[in-house]
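Each structure below is given as structure tokens.
Next come two complexes built around subunit A: one with subunit B, the other with subunit C.
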Partner chain A sequence: MARIGIFIDGMGGSIPAPFREKIVSVIRGLPEIAFSVEEENLASPGALQRMAEHLKAEEVDRAVILGGSPKLYETSFNKFGYPVLLNPYLLTVANLKEQTLQAVANEEEAVEKARKMMIKAIHLASSSGPIESRSLPLTPQTLVIGGGITGIAIALALARSGIQVYLLEKGKHLGGKALELRRFYNRPEEVQKWVEEKVSEISRNSRITVISETELKRLDGHLGRFQATVRKANGTEAVLSPSAIVVATGYEVERNRKGIYGHRSFISFAEMETLLAENEIPSLLRNGKRVESVAFLLGEVNGDVKIDSINAVKQSLLLQEAFQCQTVILCKDLKVSSDGMERLYRRARERGALFIKFEEPPKLSIVNGQIQVDVKDTSAIRKEDEWPLSILSDLIVLSDALIPNPETENLCRILGLHRGNRGFFMEDNPQLLRVRSNRRGIFVAGGCRFPQEVSETLNEAGATAQEVIALLSGGIYPYDLSVAEVDPEKCAVCLTCPRLCPHSAITVEKYAEKNIYITPGIGEGVKWGAARVDPVACYGCGICVGECPAKAITLRHQPDELIYAQMNLSD
Partner chain B sequence: MTVAKELAQSGVSALLIERDPSLGGLAASFCCKASESCNKCFACVADKRVLEIRNGPSISILTQTELTGLKGGPGAYNVSLKNGKGRMDIDVSAIVIAAGVDPFDASLKAEYGYGRYKNVITARDLDEMLRLRGKLFCPSDGRLPKTVAFFQCVGSRDESIGNLYCSQVCCAYALRLIKAIRYQYPETKAAFLYMDIQPAGASFDQFLNSCRQDKGIRLIRSLPSKVYHSPLSDGLRVRFVDPLKGEVAEEPFDLIVLSVGLVLRKDSKSLARLFNLNFNEEGFFAPPPAQTGVFITGACSGPKDIDRSIIHAKSIACTVQQYLKGRS
Partner chain C sequence: MVNFEPKIVAFCCDQSGYPAADMAGGLELNFPGNVEFVRVPCAGRIETLYLLKALERGADGVLIFACYEENCQFLRGNLRAKSRLSYAHRLLEKIGLEKERIEICHLATNCGPKLAETLHRKSEQLKKLGPNPAKI
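Let's look at the complex of A and B:
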């Protein structure tokens, strides 16, 4: 038998006295009730103090609040401190104000509904058990996968905050895609120099260990206790044990050079960038031939990416100003939603760049060995003024599709992460924060989540670093055991739950001796373990509980009996 | 708010000063723009953040408080504050300015008739209508509009009013509003008049495609030149170039929504004077040198949506911590 203390909250008159009297008379007839107290405003520091004293004096082991929304009491507990000696899971709230008084017009019905709700709340209180809190020590060590600008920026920010960083890079050098760029659109410095500076800062920092020509092969464990197996190009393996992991593996460019696109006039943005850097002002030469006109064709492959527009306007300006080239930019929508881009766009137009915004993609054909671009000019007001335009230019810069790295799929499998739109790494609930992944302790940032412009990526890197610092700076991760738990005796190792778990919190381990099968045919001594939920990694969503065919999984804070108790189905 | 919360989480004591009576700023005044599923407008995130901050134990908050003076130098500033209760001076090591933005004053674009015609409203007004009144209606007579036109780039990308920048948020904002309206009121048709569709992002392509597929939404690349108003019927006619017909067209609409851009708050001038801040070409705050210990974050450093403001704020929180670490 539980001893339950009841607190009736008048909520400053929202639950009127006559109604409360009726409630009290209902309570009198119920078992297990130690006492009931009325308060005018329970969510105030004084009332909470009295509540604590009552609970102590009466030696009750459960408490029920009849009043407003549970959120309200949570807020006041946060504000004034949790006054109750009881475990928080032994306190139940019935929202009489919103769910009876405001929901039901007829007073008699309201009292009846309140009675039912109270009985449920009391059932719930008497059948709940305490849930203990734990904390996990965290060592300040992080693994950053990917040595592009995102990885570099994150590693530096973490190291400056006293966190040990392993920076994993599959190639020989750090820098990634940024090395294909020569100039920023919005900063005066050269990209290469800027990257070199950052890389040399990394090499001078004793907290950062750069592991190049190495890839992640295997990942075990969860937040705080990851075990990452990495393999070098020469085949040697090592195991790292970081507390948190940041994935910043960037994106890849997919070139379509089939058919007409194989023509020598087509080049990519990166090739144009190199061309601009290698040539001496004032004449631009390619394969010994002077380039006088350049067209930029921004296809629909990257309709949701801003980078191409920015690069096109930036390169076009350089071509016009330094090399006296005539430029044409053909696009569907010109993305200028980056700081300073509208001004750049304006400048390019003033210098004579032509912008053609098409609804239907332009037609390409080969005329006298040159590529001709046919497009309708949509800038004319009247239909009859709409001339078809044919553009013959020496070079055509083509936007290539930005796609996820080919190893993204494999990495997802190793890391237990999800892939989202177009196959990039998916952030967790985008409303929480876009750099968090579906697994606690693993973050995704930069181009591997979505290709962005450099300054935006750097902001994202800073935010990711901040997330990691916030997670690790306390030295511990506090959590309570309101999570799913597998009964190893019931578990049939069917592997349903590890596949379903959206947070990759379930693994099959041999941790219970009781569940050992010996299957005929595959030899004796082959042992199975059982599924195990890691309490730190578990979000307590309950999907595995619902799906487990053997009903071997329970939510510790919300077991079936508790749900039945609330539904009055317990007997 | 985000900076304060992040710093507090890492053990830096933070003082949050807000001039208005409530936290949240512009972001907290938006309505949810979900249709059948969430359209990621982040309005609820702002509300959640206010709750987190209010309930969080370790941040001191002063609302209805203004900054009146600044003394001292980098690393050891002394700020003077003034509120209803009186004045106070507080020593701080670093200052983060997140003064935010205002929506553009649409009455400056006189040809659209905002402020003169009742049924010309801003996207912000529409948002408020949906949030506070819970329904869509024409302000003139309260009936449900059958046709709504959204004008983009009102106060952005416009040299005539001196705002030569893209406000970066209004396309997505308007499209989400259209989506939400189309979901709630399927009989209402919407037209979206634009220059370029700007937003980019992981899920934007899908979102835009779903808008394109919706027969009740017309995306028209054309900025209207003028709104005509009939005083008798309160009807509105819009003059614009119709790219499909290839001619100048006039079309009646029941309601016109102006997608207003973002501008720095008017009172930011005094802040700039106080902190000796420079403005960038676009008229927003330029970040001061790192060693001054003054940091700029959020939309007052350049137009940003809620999501990117939060990312920027977290990133700045990281920089602030490094600054403080470097000094101690």
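Let's look at the complex of A and C:
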């Protein structure tokens, strides 16, 4: 019979001494109970150390903690437990503070409930088992997919920290979408020169291997043991074995110029950018004709106007300052949330750019070979001041639709990732884990998550590099086996679990080297495949356990018995 | 029958239900007397069998506290739970048990009051339904 030590956490006076005494009095002297001691602040590493010593002295390995919410203790137990030789899965917490003392008004009832909860915790503790901790060696090698500015920035940051980087690029050259830009909105230098500098820095760096004209064809394995098969344009294949993977494939633009939008007056932001760079100050010529007025039409193509707003304000300022053009920005909403945009917007207004806010979409018509925009300005304070306006301008700048890279779907299938909002790559948690994907060791950064501005994307590249460095710099990945486990003898290879696993941690590899299970009784050498959960990739959510029709999967840290014990019912 | 206090087994998702229960406790909202919380890593862990076994072993009602839809940390765990629940409902109908005995409640970590309210409502509802006849 397992003997159990009881630790009572006073929770800084939240659990009063008489209450504690009343509860513990019922179990004193029982043969299972080795001792009961009072402690304060059990979640601290120091208290954990004392607890380990106490348990060792009494030769007891399981403990029940009477205190607050288990969530309070678990982080500390999982982090500091193994170093002091205390298995966190042998510690059971009874949540007396939140679930009895505070939740039951009548004191006697509270005591009764607390006693029940304590006894339930003792049952749980005696049926729980230890779970070992392991570590996986990691080689400092990373595969970065996509040679745009995100990929370049990540590769450089990783190489600086001593990590070997394979930079995979589908096209011939590095640089990506940023090369269509000529100027940053918030820096003085030119984009192309800046990108060229970075690319030459990459070619000088011995830790970065650029593999151009190559695509990812297949990915096997999990964190630390990825096997990526890449295929060059000429058909040759190679296998890389990186420890971590960063996806930075960016977004794509789609031009829709149907109907009136096909008129020659309409140009895109990228075309405007080229026009601005090619012309000499002070006159802007297009097809030999001088351009004097430019209108920007926002919100017609893209729902999210952040990038369009930045481009429109930036280009409008350039047009006004260098080429003396009159600019009009027609928008439903303007987003100036990026760094320095508010200032830029103010400057554009001061220089005389007209900002017109509309509610109903403007009407477009052709008058004398020019596009006339009829719009109602709703930015006036009084309703009667809202005037219908007709704007005739030489050029109308209209955004291209920003869409996910067409490769995204295929890449998601290869990498086992999910697609989220509008078909872009999905992050693990949009607020907290922005650059992590659903799989451990695979990160998504930059425009492949959603269209981003250059400065924004560079920030994200920094964040991603930091995450990868944090993962790989230790050289090992420590994990415990609180994961799902397949019993290969029961597995019928129905493929339910690999489809269901949100972290793509389950694979079925028939006749592969690692996943062959040989069962005695069927005959020597009979081999078949079975599902296998990779303990490094598993998050222990238990969805596969609940769904497995053969009940072949168990959750190591929460088997069925523990669930039934928690129900605390008669049988 | 006057002092019938229904026994409720409440499965709590570790991401939403359990912190919500802690919050309800912290706010000193009363729970009905006979509730057992079962902590699971995700609502997707809850098997159909657990729901039925809970009734078989003497619970009068079962509640699942899961995350809001599209809010699951593991993507579709709460939807799996929901589909298993509807399967359990079909089985209950076949054996002639009220399907109201098993219910799912979607909440977030900050929904302590909602959790306490749901427990009370369930308790009242079960009092009207009476003890679970399927108890062995």
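The rule is simple: the second predicted complex is superposed on the first by the 477 of 571 C-alpha atoms of A that agree within 3 Å, B and C clash if a C-alpha of one lies under 4 Å from a C-alpha of the other, contacts with A are read in each partner's own complex, and residues count from 1 in each chain.
Everything that follows uses one rule, which is that a contact is a pair of C-beta atoms (placed from the backbone, for glycine too) under 8 Å apart; a residue touches a chain by one contact, two chains touch by 3 or more.
If you're wondering where the values come from, they're calculated on a predicted model, not measured in any experiment.
The superposed arrangement places subunit B and subunit C next to each other on subunit A without a clash.
Judged by the touch definition given at the top, the superposed model places A:E460 against subunit B, while subunit C stays out of reach. In the superposed model, A:E342 makes contact with subunit B only, not with subunit C. Taking the C-alpha centre of subunit A as the apex, the lines running to the C-alpha centres of subunit B and subunit C meet at 90 degrees, rounded to a multiple of 10.
Looking at the shared chain after the overlay, A:A105 reaches subunit C, while subunit B stays out of its contact range. Of the two partner chains placed by the overlay, neither subunit B nor subunit C lies in contact with A:I476. More residues of subunit A lie in contact with B than with the other chain of the pair subunit B and subunit C. Of the two partner chains placed around the shared chain by superposition, subunit C is the only one that A:V545 touches, whereas subunit B remains out of contact. When the shared chain is aligned, subunit C comes close enough to touch A:Q558, but subunit B does not. In the superposition on chain A, A:L334 makes contact with subunit B only, while subunit C stays out of contact range. Residue contacts after overlaying the shared chain place A:H418 against subunit C, while subunit B stays out of touching range. With chain A used as the common frame, subunit B approaches subunit C to a shortest CA-CA distance of 6 Å. Against subunit B, in their complex, subunit A makes its touches with residues 74-75, 78-79, 157, 160-162, 303-306, 333-343, 346, 357, 359, 378, 380-384, 386, 420-422, 424, 426-427, 430-431, 433-435, 449-450, 452, 456, 458-463, 465-467, 469-470, 473. Those residues of subunit A whose C-beta lies close enough to touch subunit C in the complex are 69-71, 95, 97-99, 102-105, 109, 113, 120, 418, 429, 438, 500, 502-503, 539-543, 545-547, 555, 558, 563-564, 566-571.
By the touch criterion given at the top, residues 7, 9, 14, 18-19, 21-22, 24-31, 33, 36-42, 44-47, 50, 53-54, 56-59, 73-77, 80-81, 84, 136 of subunit C touch subunit A in their complex. Residues of subunit B touching subunit A in their complex: 6, 9-11, 38, 40, 42, 44-45, 51, 54-57, 157, 159, 164-168, 171, 196-206, 208, 221, 241, 243, 245-248, 280-282, 302-303, 307-308, 310-312, 314-319, 321-322, 325-326.
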